[in-house]
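The following blocks contain the structures, represented as structure tokens.
Next, two complexes with subunit A in common: one pairs it with subunit B, the other with subunit C.
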Partner chain A sequence: MKKALEITLGIVTSVGGFLEIGSVTTAVQAGAAFGYHLLWAILLGTVCLIFLVEMSGRFSAVSRHTIVDATRERFGFPFFAIVLVGVVLVFFMVLVAELGGIGLSLQILTGIGFPWWAIPVSFAVWLLMWKGTFGLIENGASILGLVTISFVVAALKLNPDWGAAGHGLLPGLPGDDKAKYGFIAVSILGASISPHLMYFYSSGAIEDEWDKTYIPINRFIAGFGISFGGVLSMAALVTAALAFQPNGVEVDTFEQSALLMTTAFPKWGFFLFAASMLFTCLGAALETSLAIAYFFAQGFGWSWSEDLTPSKNARFCFTYTIIILLAAIPLLVGIDPIKVTLMSMALTAATLPLAVLPFLFLMNDPIYLGEHRNGWVSNTVVGITILISFVLALIAIPLQIIGG
Partner chain B sequence: MDSALSWIGTAGMAGDAWLRQTTPDTYARQTLELSHQNLRQISNDLLESPPLGPDSAYLNTVLARSRRRIARLAALITAKDAPDFARELDLLRADQRIVKRLSDKIESEE
Partner chain C sequence: MHLVRDVLDQKLLDREDCEMGRVDGLVMKVGERSQPRITHIQIGGTTPWMRLHPVFARLAAKLARMWGPKRADPVRIPWSRVMTVGRDIKLDVKARETGAIDWEIWIARHIIERIPGGGHEEEG
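For the complex of A and B:
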């Protein structure tokens, strides 16, 4: 019974916690600019994430290590320090984007500019971290995030062309605007394959005291939950294609994205979108703050657990306190969260080898995993996807910057 | 040109949503003001490097008219004047069709 509840909660977490400002912004931009043509990027990212999340859970359940502490133990501190700097910098940008997403949601609801929300939102996130437990953070925001199922209903209500959508699942090149197409594809991959989920999930498996008996449950949660999350992301793209393309709208700002569901749900579309973004960005901000604190604490061998009181967890709590405070600064001075989002997603894709390759080595290490180490399928799928993301990022980011 | 069409389309969608009373006034007004601002920037850019062809001047005229319509729509939200808002929105839609036609023509000539 306990495990059945854990499976349900795990799936709810994966579904409700999948979308956030990065995945929604990139999917909506892709749908508005290129119709169904970038569905393949979401599919590829989702498949890779299923493998990565499954591997993270399996690694912690079998080895009783988190990915971070094993990385430091296996590769030594100098290598770990390089991973720490690269990964934490990108996670920090993601955190700024998520806090900005909450601020923008409140801005469209109230008319008060997002910089004014930077401090209250950061304080609320910090307070939830300070007072909350791992279960509250993992499940609370994700259950609220189930409102994003409205994206699927919206897409279905607009009667998509299933043939064209199926065609979009195969990669292809557009006639013009190749740089923009490449940049959005990279951003979608960065938004889908978010390494913070890998670290968060691995730490969660230790927090929840998983052992080898959890391997089948882990596989089910990763496969089913993340697949459904991918469907939500595809639904956002399809809705954008059907709502924005006939009006000639190419989405560059959050104000434009807010109109996503007003065609499918004339009465509630605007508020459904605002609520979706508010809850999913809140969940992602909590997860990202926690992932950064886990990274430092596990890497430096401090005591860490979201379930311990701050007095027993001083350095862990100090880390997320400082990080959340620092993340509020760019928003306070008015830096556009959407620009931060797009750049952070593209940089996530560019730095994927730094986060994922050491993990792939660990997943093939018999010392940690024994008979449960990776097979060739997992290695090939993750290896090829990371390579594609990295190469696309190397080509598309400079092109997009040069092209403005 | 795509950007101009995009911002006129945004103003149209935001206007439609406001007419149905399904968005807050402040959001609708701010989005219309954002569309106006971006359209002005695009018009300035087009003046600096105008597209080739005899329709370039006409395009500028229609864009300027669209900007004025969007500014008026924002003002009508403050006045809560839905009937005039609906009429102005129809005229903006007509301008959008003209910009689309001109844009396609200029593109095919290039």
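For the complex of A and C:
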């Protein structure tokens, strides 16, 4: 019974963990600008994330180490420090984007500008971490995030062309605007393959005291939960393709994105979108802040657990307090969260090798995993996807910057 | 036992399983006639930063003297205190008596305990 509950909660967490401002914004932009043509990027990202999340859970269940623990132990402090700087900088940008997402949701609901929400939102996120437990963070925001199922209902109500959608699952090149197409594809991959989920999931497996008996459950949670999240993201793209592309609407602002579901639900669409973004961004902000604090605490060997009183793991709690405080500053001065989102997603894709390649080495290390180490399928799928994301990012980011 | 693989960078626990950092460095004694042997484990201070670059070590030392428990020197634990080397390294010491968690205690007392709901680090 306990494990059945864990499976349910795990799936809910995976769904909640997948969707956030990055995946929704990139999916909506992709649908509005290129119709179904970028569905393949979500599919590729989802498949890669299924493998990565399954690997993260298996690694911690078998080795009883988190990924960060093992990265420091196996590769030494100098290499760990490089990964720490790269990964934490990108995670920080993602955190700014997620806090901005909450602020923008509140802005469209109340009419009060998002910079005014920077402090209350950051304080609310911090308070949930300060007073809450790992279970509350893992499951609470994710259950609220299930409101995003409305994306699927909206897509179905608009009667999509299934043949064209199926065609979009295969990569292709557009006739024009290749730079924008490449940049959105990279951002979708970055938004889908979020490494913070890897670190969060691996730490969660240790917090929840997983052992080898959890391997089948872990596989089920990763496969089913992440697929479900991927379907929700595809539904956002399909809805945007049907609601925005025929009218030639280019989505550049959050307010435009908020009209995503008004074609399908004229009365409630606006509020459903705002609630979806509010809850998913809240969940992602909590997960990203925790992932950053886990990275420092585990890498330096401090005590860490979201379930302990703050003074029992003072450096861990101090880290997320400072990080959340710093993340509020760019929003307070009015930096555009959508621009931060798109850039942080593209940078996530560019830095994937830094986070994922050492992890692939660990997943093949018999010292940690013995007979449970990776097979060629996992290595090939993850290796090729990371390579594609990295190459696309190297090409698309400079083109996008040059092209404005 | 491989020193770099099995000891360096491993997590350290005291005799009560309290986390006290990682093995940031190892001190070796090389005698003219005897075999080299490990004498101490080094934790914190400038040790890990020195492995990155001396510039970072100097910066870390400067910052450590300006703020916090004002301890810039690494903590040294005699190798004879090592109880087991496995998934983690267990030491026959009490963490708070070694100085390895001075920063943890300082942040708890000066910052975390002053925020409502922070609790007290010495509570059981």
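Convention: the second predicted complex is superposed on the first by the 404 of 404 C-alpha atoms of A that agree within 3 Å, B and C clash if a C-alpha of one lies under 4 Å from a C-alpha of the other, contacts with A are read in each partner's own complex, and residues count from 1 in each chain.
By definition in this document, a residue touches a chain if its C-beta (ideal position, glycine included) is under 8 Å from a C-beta of that chain, and two chains touch if they have at least 3 such contacts.
This one's a predicted model, so the numbers in the text were calculated from it and none came from an experiment.
With both complexes brought onto subunit A, simultaneous placement of subunit B and subunit C is permitted, the two fitting side by side without a clash. Once the two complexes are laid over each other on the shared chain, residue contacts for A:Ala81 go to subunit C alone; subunit B is not touched. When the two structures are aligned on the shared chain, A:Ala314 is found in touch with subunit C, with no touch to subunit B. Superposition on the shared chain A places subunit B and subunit C such that, viewed from the Cα centre of subunit A, they span 140 degrees in steps of 10. Contact with subunit B, but none with subunit C, is seen for A:Gln256 once the two complexes are overlaid on the shared chain. By the touch criterion stated above, A:Arg64 is placed in contact with subunit C alone, subunit B being left untouched.
Legend: residue contacts after superposition of the two complexes on their common chain; A:Trp130 is shown touching subunit C, with no touch to subunit B. Contacts of A:Gly301 after superposition on the shared chain: subunit C is touched, whereas subunit B is not. Looking at the shared chain after the overlay, A:Thr380 reaches neither subunit B nor subunit C. Of the two partner chains placed by the overlay, only subunit B lies in contact with A:Gly248; subunit C stays clear of it.
By the document's definition of touching, of the two partners only subunit C reaches A:Glu73; subunit B does not. Aligning both complexes on chain A leaves subunit B and subunit C separated at their closest CA atoms by 37 Å.
In the superposition on chain A, no subunit A position is in contact with subunit B in one complex as well as with subunit C in the other. Looking at the complex, you find that subunit A touches subunit C at residues 64-65, 69, 72-73, 76-78, 80-81, 130-131, 300-304, 309-315, 317-318, 367. Those residues of subunit C whose C-beta lies close enough to touch subunit A in the complex are 4-5, 8-12, 18-22, 24, 48, 51-52, 87, 103-105, 107-108, 111-113, 115, 117-121, 123. On the subunit A side of its complex with subunit B, the touching residues are 108-111, 243-244, 247-250, 252-253, 255-256, 258-259, 262-263, 266-271. Against subunit A, the residues of subunit B that register as touching in their complex are 2-3, 5-6, 8-10, 12-14, 16-17, 20, 22-24, 26-27, 30-31, 34, 96, 100.
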